[in-house]
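Shown next, in structure tokens, is the structure this report addresses.
A, B and C label the chains in the order they appear, each numbered from 1.
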């Protein structure tokens, strides 16, 4: 196959995605596109989102039509320079399917890691042989590593990127040794040790942000940089009604309206997303774990651990990324961080709603850190 | 030990295999007895075990039997007066069975009863005021007025319910006995049921299951001679003891008018059950003084039968005679109980009548623990 | 999380609950098998192998083979539940309810009400149902409408392995009597089933497809058929919501009514005999509560009013199928 021809494949968003449907092309055939441009809207059973081009060049072929459903990795389109003859493009498209099938490797699966006092589920993406400092991504209260599904693959182009499930969350063990930020930070640090990660860039969302920041404070030598995404830990306010509603909701309808609070555009909340959250919450031990964490971290409806005053003397670079319409942690909390980016058209799940921009900000920040 | 054997009584005998001829034979049945009720056999008095009770226990046994009698006689009167709704089945005449067996039981033990359940409830310690209020359909009833006479229960007392389904109890006590066995509580479970229920498949299945699982279960057949209006002489093929023997279950026929005989049989069966010896069956011969249900004209009974039984076959009269003649209790002590119990039952009726009916909202509660 | 069969999911649910709670016991005909026989212990693990492995792990004291005596052991399970155990009784084929229904509907179902709220009867009765097994008239019925009719009983009809495990654990932990219906044609169906214990609340329907044109309500094995029909119809431009009530007592009537308010069209698929079944029940509900939203007559897809036939040629046309569901959906679109 010609190196001048670059395929655009159906992405894999989340662990369960096996296929996606092309809802709409956002660019015309023949258009000039740059890596990171939004070129497609793709629908999975769990979520509908825009897909950014992984390549720069001319979109020579729109192989998949609107309405088509393709397996993960299936050929959506082809990017090439104007100089590549049509015949070569057609041959490439024809060969692609066979080649893809022959070269098919199973998608990376998360693994269970025995940390000091718990079992952590961790998904690693990215090259095994990279010497770059890895990135560790930490989700928020009630979330799991799949919250980073639009970020982790992109950021893993040139370094190992780990996404971890916090204690009591996702596929990790549900018993807690403690529910406060310090205990959760210790748990994450022990998982880093078990994974053989000496030092990492950290990206933390919401509660995960407070954990990342706490680790930078207590173990600065292990932290190369901290990206705080709509993070806890910078001020006392928290939408405790959301927290309580999330713990309480055991029915589809209640859960749907609850998690819609997380987004600027509630259309992101699909039936499958709600089903996945309910499936998680039904597992034995999850409710007590969430209760313990909420009681420790948000005691009396206020954030218990506020680390904003630690930022000044911190020898670790910190940036903040916030959704302008965050209804969980006030966007004003970003003001504690000098290097901050507030994105419009996004809520608390800014990394899902504006993944291209968030990924660009993280990449650039890590590269400079 | 209770014998696994046929009782020496007239009536049907089970077929026996004639080994020499290698075919079934059957002893000629005696002609069916005329139904005249079961009458206490004075000659048997000496056969029962010596009285090993202290005065308090004897007074308690009498007080409980008198409570049943007074309760039932009073319900009969109140029903006739139109104050009690629905169906009522009275236990008067059978008191020695419930009290004799249940005086061997404690809080670990469970009983299942029948549609004729008031006596079993009192014997297992149910609150009399609560029972009376229940029969009147009142809010203060043991079941809040939702069960009525046929469904009085108090699970905290180990009383698993009077039961409107004939033969409903035996499978349930197999379960209660299984609980005791599984959780090693040391408890036993007793099913009281009638000659009618003894013909139900559920009863037969329960005898088999109790033996197969070696359960601490006791089956007490209260044979008052009538399944509704039908004579047990006609409806019960073979015998209760023969049936028990068929399942390999130790069984005994007991004079159900004799508190002491019932107590002794119960004691042995309970000991067997508690010691892991499995189920037992007690066949109590006794009588009911009232109809199958209140309002039953009892035209199927013999002329003068009930009147005669009230005189000649009254378990309370026999008890009184035995304990006073043996010098264990004074007549005056028993008279005092009669007076006290009468007052208590009077009081329970007054309270039941005065109490409020359940509120309409109660219609919808207690269907599920959660729904 | 891994792919597990419907059979394994139910087995795992029982095993996990038995490990968690010593009061949970299993009883029934051949639930272990081989009792008193010269051959193997745990010879069967139930006729379909659903209880296989429980007896070796938990012993004969907690996995009790019974004589063939449904009245006896179902009644015993009820009595045990009322006195402190949490029995799972295996009625094998639901067709056998005829010889033990009294223990279920007159005893277990009514204790709490008759006794003024003081009784708790946490018994689970597992039972197989449904046609397609060439098992003929006395081993193929659904009969869940008969149980749904009875106040005091909860009736669960899982359609997939994930639901089966979560609903079974909920059933065991539930304090009310639960009748747990297992379609015998689903035992080998595979699904992602978490290894951990989890519960699915009763009365919470599952939406297996979401669409705007027609609401299809289906139960048990019929959910598969309804999903297939919805997928085929989608390609033809008709989008259907498929609702699996999961439990029919309690039933998530809100989800059904809300969906019909959106679509205006209702197809109910029920494998039970057509008179007084769940299809008629749901149709009556919608006719009464959402009449104004209906754009077309409600369609019911059910077998004919006959016993289940034996011959494959007859049984195959007896059972509702995808084509019949599509035809019913089409009728509502005319």
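Please note the rule applied: a residue touches a chain if its C-beta (ideal position, glycine included) is under 8 Å from a C-beta of that chain, and two chains touch if they have at least 3 such contacts.
Here the structure is a predicted model, which means the values were calculated and not measured.
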Chain at maximum distance from chain B, centres defined as averaged CA atoms: A
Chain closest to the middle, measuring from C-alpha centroids that were averaged per chain: C
Distance from the mean Cα position of chain C to that of chain B, given in whole angstrom: 40
Whole-Å separation of chain centres (CA-atom averages), chain A against chain B: 72
Touch list for chain A against partner chain C, complex: 16, 171, 174, 250-253, 271, 275, 279, 282-285
Contacting residues of chain B [partner chain C, same complex]: 110, 112, 141-147, 151, 153-156, 160-161, 163-165, 168, 170-176, 178-180, 182-183, 189, 201-202, 205-206, 208-209, 212-213, 365-371
In the complex, chain C residues that touch chain A: 1, 162, 166, 192, 194, 196-201, 204, 206-207, 210, 254-255
Chain B contact footprint on chain C (complex, rising order): 23, 25, 61-62, 64, 66-67, 69, 71-85, 87, 102-103, 106-107, 110-120, 151-152, 154, 174-176, 203, 250
